[in-house]
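Comments concern the structure below.
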Amino acid sequence: DLSGKVIGFSQIGSESGWRAAETSVTKSEAEKLGVDLKFADAQQKQENQIKAIRGFIAQGVAAILIAPVVATGWEEVLTEAKEANIPVILLDRGIDAPQDLYLTSVASDQVKEGRVAGEWLVGAVGDKECKVVELQGTVGSSPAINRKQGFEEGIKGHANLSIIRSQTGDFTRAKGKEVMEGFLKAEDGGKGICAVYAHNDDMAVGAIQAIKDAGLKPGSDILVVSIDGVPDIFQAMVAGEANATVELTPNMAGPAFAALDAYLTDGTQPEKFIITESKLYTPKDDPQGEYDRRKGLGY
Amino acid sequence: MKRVHWKAALLRPQFVALAAVLLINWLLFPGFFDITLQDGRLFGSVIDVLNRGAPVAILAIGMTAVIATKGVDLSVGAVMAIAGAVAAVLVTGGASGLVAVVAALAVGVLCGLWNGVLVTYLEIQPIIATLVLMVAGRGLAQLVTEGSIVTFSDPVLIFIGTGALFGMPMPIVIAAVLAIGATLIVRKTALGLLIEAVGVNRSAARFAGISSGLLLMVVYTFAGFCAATSGLIVAGDIRGADANNAGLWLELDAILAVVIGGTSLLGGRFSIPMSVVGALIIQAMNTGILISGFSPEFNLVVKSGVIILILVLQAPLVAQALRKRFMAERKA
Amino acid sequence: MVEGAEPVVQARGIVKIFGQHRALDGVDFTVRPGEVHALLGENGAGKSTLIKILTGAYQPDGGEVVLDGAAVRFSDPLDAQRHGIGTVYQEVNLLPNRSVAENLFLGHQPTRFGIVQRKVIEARARELLAGYGLEIDVRAELGSYSVAVQQIVAIARAVELSGKVLVLDEPTASLDRNEVAKMFEVVARLKARGLGIIFITHFLDQVFEIADRVTILRNGKLIGTKALSEVTATDVVRMMLGKDLAFDHGGVGVAEAVQGPVRVEFKSLGRQGKVAPFSLTLHEGEVVGVAGLLGSGRTEMARLMFGVDSADGGEITVGGKVVSIRNPAQAVAAGFGFCPEDRKLDGIFGELSVRENIIIALQAKLGWFRALNRDEQNEIAGNYAEALDIRAADYEMPVKLLSGGNQQKAILARWLAIDPNFLILDEPTRGIDVGAHAEIVRTINRLREEGLALLVISSELDEVVAYSNRIVVMRDRAMVAELSGADIAPSVIVAAIAENPGVPV
Amino acid sequence: MNRALRPLVATTAIFALAYLAAILQFPAMFSTRVLGNFLTDNAFLGIAAVGMTFVIISGGIDLSVGAVIGFTTVLNAVLIMWLGLHPLFAFAISLMVAAAFGAVMGAAIHYLKVPSFIVTLAGMFLARGGASVLSPDSIGIKHELYTTISKSYILLPGGGRLTVIGMIMLLVFVFGMILAHRTRFGSYVYALGGSEVSAGLMGVPVARTTILIYTLSATLAGLAGIVFSLYTSAGYSLSALGVELDAIAAVVIGGTLLTGGYGFIAGTFIGVMLQGLVQTYIVFDGSLSSWWTKIVIGGLLFLFILLQRLVFSAAAPRRKVFWKT
């Protein structure tokens, strides 16, 4: 029983709607279980996360949840936690460190997310020639790298699909729109583009507006596929302007707390990697219902 | 005589740089200068440069005045986020678009006043004074939106971001009106001269009877107003207030635009139109990078390369050498 | 002076061009060891420019500098210092943010293992300044001391550095008689040691007191070099101006001049710890001189009147009406003008043009929305610049490029442009040449005749006597005497200042 | 007391009071563990802030430090992991590259007369861009030396750790204090901040000093980068984002004037510790949302500056009356 336990949660920041949802879901899960959650926002900086973890250790918390901003650089501080006998659980991203330093990692498979998106597109266009433009996430961030890789794997072997342009949209709507505008101009007003793949929904929402401004119809003239499953993309689906999204659940904390509970009560070692589902949603999957379900989650 | 002046003005490094960047864009992408009419709205890459450059240009207008007083305003990016957040939350809460716009601008003015008080009456150095709002402001914006992107469908806000007047996208219209208006106000009244005087020597300005305190307040407030305007445009553009990302790091672009435009960070002489040109250079460069198909890893390197080039061209030593060269050629 | 000795430093055919303006045009100049060589000329004649070339701060556009018989090219002042040339530049060019000791030894601090030996420096600094009769805390910031102290420190520094040549560009402008005398003692000692000394000043009596030879510049051209034994003061002035000077020092009758109605009245204005409450009435067409020793509180009094510092109590009446003056803007609105003592810090807008510097106060008075257009500006600036004979190649050039004296005139022009009814001049003739000096005295008299009320602070008694209808004397931050009529004479003023003097320098 | 020392004393007092208040609320904050963490966690910031202090005292600003830190971590990682160099060798190369980078910026500032704000802003873009060109994704560094260093620390009573990088920072501060207050170079830096023209006329080698200042700052940023790579055992192009602003804030909180000419290295140390204190406090509190964290950090920054401002104006420069006793 976790009730009354102090658990530290080092969150990356609040750079996107999805992350805000993850934070609020984690908080509400903690509340449900009666956990005293110590929340620390790292403002996108690893050094702040390390500081926070050290602070948690000094405070003597019962366990630590980390949503690591990068994969590297955790060994030292996790060793410290281990020496202090504090179990650590990773949320939504993995790290490069010996596996004995953490209890478990609850995350999606980012490569798989990209692959699901790619495979959907392959299915959607069939044998037609299809030129794809890609809106990347922040250069160097692990979701950007993995989702790019996954998508490329997904469309591999289908010579009719090719990525003709790829730029970073920094995971934001505004940049997504701006970059898409550039693509549309550079590709003859968008006539050459058959689909846009965005590393997150926010950029996709921006791209949809750019496509509309250019006098084309997103969702039919240009297919839109993206990742995350935030409410606004379901709204776009309702309007017929988005074609597919791969959900990344913001509820990483639920499984994490469950694993922790089991471990603390009788020492049950959870699986090292708890992979969350990467579910594909298309307009067939009741987008309005999905929208309503997510609206209140803090996206 | 007149013609020579005109030519010399066009030979300013800023215009040369803008022309060069546009030319390179055209070489990279032959359709760069094509403009068509689309749904009653001009459409084309050049229009994109103007349209996308508008928020930074508007920031740069306010920033120019601040920098002319020997100050700097790091908070404009955060103020953009606050203004957008306030407008979005109001319209989603049922307020009319107009009310939201007025409220957002008022909040921007308030932020400017806050900075002004810190700089003028508490005599905190501008970088640090505005750093406070830069850090806290984004938090305030997120407080308003509770961390999420607040999407809206209010026609007034959307019109500000994506509408068009006589075929011109609204951001361009707003930026042009502000730039021309501010330039006229500053040059047709005594404000320009007084701002420069305060920037050059605040103590002497006091002795000369200039109410430099009030002037500084006005300048920072104006910068806040400009930032709020920019914030509305950015929010209207994506039909949502993204408190986390709206205006992120744009203060640096705005300062850069002002400096590229030739206004010294040490205060004094300033030119609003040239700052706008500075903003356009930056945007033309960004657009160029977008359509060039470079791998995004190179974006920053290309950008810094161009900046360095412009600054070198503008450096007093080099500029003098070039002018001599040009004079000699003309004589020959 | 060693007659016919080899010159220690020599300038040959120096040319310096700023833009289109020839600041120096083929100037020759020699300094022999063991002589004091005065360099004279009107404001803007090129004296400071010549000095800057001799000391490596500027590079000449033509001609050469010869040191001990060999042509040299100093890349920067440090280079010149290494060759034994020490300089006091015209504006106090030291570092107010550093300690007195550091200012004295910056650039050549003794070090051990790379660590500066602070104790040694401080001891030597104390010793050094004691030679000038200055006993101060050498660890305190230079900026915490008055301009006069700073000036002495600058001189001490230059003397320390000068193995061969010492250059003094208007070193005495802000010193009182006592300090000038001390400085001259030092100069005499150095001279005896065989140093060549270049001395720039606008005080002719000082020139005749210590200099051996004099070189005169006019408009960047060499007019001549003469031994002082061969010339009279009148000769020198004639050479400087190129014409005879009508400088009536008489001033008889001024004291008796009729007084108009009351213009401004200050009633028990004061500020705790700054100036004891004082009352003063100024009439139309009246000049009130303010005398007192350095630091007696004259500037402080003026600052209170002009609202730069706000008064604790008291009342100000202008033309019979009580006005509130809590900041300079209100003072300007009430028709006051103030030429501050420190023109670099509080006066000029260096980067702005001469035109803008002149019209700025008028514009501030008119407010933000009644802008003067360009033609009006040109006219106003042109008129006043001409009236005060401001020498500038072009009124659009930045005022910082003008010589010191011309900058001062530009500030005066600024205040005349607002057509003031009360004008405060704080040391208006500091650093101004004889010609301009006479000009300013004439201007003061003219303004009086036009009905203006003036308050003039000056350390030169002769001058105060020449134009004042009344004189108030300050001592220890209090107004201690008011003299008029026959009492307006140097001897009486000195007596009033000296009465129970708490001032052992 | 020397007037110039007052802001330093004020800052120290504010820090002590703030720490005391924090301890009263969270007694666990008074432990050698937390104190040790202050040093270790802020080591890179402290080292970079020392360089920044010199730059700011000289009247300039260096916006490139965060980017140089990021670039150095990547360069280190590339040299060690891809080229197989020994870390010490890699450190030497990194420091030299950083130094050269700083020297070029300093030269540009001096000779081209472009304000430092802009030159170093361009430098920031260049260093960040260069880092992402070298490697956009983060590279883990695995080397014995790294493990050894991270495993060696002095265990303080109470479980606190004085780590190698914490000690490096302390050494850098000592070095900085000596350099600033006890050498000719230091006095030149203050002189430039007082007035560049006067300094030049007084014989300060302006060009050389300017170049050296930015070289020093960049080199220390390079060292901070090495420390950062030791801290995280990785090289990442986006690491230390925005650290320049933290460093500037630390310097200013420490009582150095942005207008140049006045300041203390020791003050910067307190400034860094204060920032560490604020962050630790927020972690201990653990109830602030993302946005409240930002607002509180901004608010505390304001509070510290305000307090300091009050102390400072109470001690405003007054001309001394030497002729009176």
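In this document, chain identifiers A, B, C and D correspond to the written order of the chains, with residue numbering beginning at 1 in each.
Keep in mind that, in the parts below, a contact is a pair of C-beta atoms (placed from the backbone, for glycine too) under 8 Å apart; a residue touches a chain by one contact, two chains touch by 3 or more.
Bear in mind the structure is a predicted one, so any value in this text is a computation, not a measurement.
Q: Measuring between Cα centroids, what's the chain most distant from subunit A?
A: If we average the C-alpha coordinates per chain, C ends up farthest from subunit A.
Q: Have a look at B-D versus C-D and report the one with more C-beta pairs in contact.
A: If we tally the contacting C-beta pairs, B-D comes out ahead.
Q: For subunit B and subunit C, let me know how many angstrom lie between their CA-based centres, rounded off.
A: 44
Q: Taking each chain's centre as its mean C-alpha position, how far apart are subunit A and subunit C in Å?
A: Going by mean C-alpha positions, subunit A sits 71 Å from subunit C.
Q: Express in whole angstrom the distance between the two chain centres, defined as the mean CA positions of subunit B and subunit D.
A: Centres of subunit B and subunit D (C-alpha means) sit 30 Å apart.
Q: Quick check: what residues of subunit D touch more than one other chain, meaning two or more?
A: In subunit D, 132, 136, 289-291, 293-294 touch at least two other chains.
Q: By residue number and range, which residues of subunit B touch two or more other chains?
A: 142, 146-147, 297, 299
Q: Among all residues of subunit C, which ones touch two or more of the remaining chains?
A: Residues: none.
Q: Per the touch rule above, enumerate the chain pairs that touch, sorted by label.
A: Chain pairs that touch: A-B, A-D, B-C, B-D, C-D.
Q: Any idea which subunit C residues touch subunit B in the complex?
A: My answer: residues 306, 308, 327-329, 331-333, 338, 340, 345-352, 356, 360-361, 363-372, 414.
Q: For the complex, give me every residue of subunit B touching subunit A.
A: Per the touch definition, subunit B meets subunit A at residues 29, 31, 36, 38-39, 41, 43-45, 48, 52, 142, 146-149, 151, 162, 234, 237-240, 242, 244-246, 287, 290-291, 293, 295-297, 299.
Q: Under the definition above, what is the set of subunit C residues touching subunit D in their complex?
A: 57, 76-78, 81, 87, 89, 93-98, 102-103, 106-109, 111, 114-116, 118, 134-137, 139-141, 143-146, 149, 157, 294-295, 502-505
Q: Would you pull the subunit D residues touching subunit C in the complex into a rising list?
A: 2-4, 178, 182-184, 186-188, 190-191, 193-195, 197-206, 261-262, 317-324
Q: Touching residues of subunit D toward subunit A in the complex: what are they?
A: Subunit D reaches subunit A through residues 26, 28-29, 31, 33-34, 37, 40-41, 44-45, 132, 136-141, 150, 228, 231-242, 276, 279-280, 282-291, 293-294.
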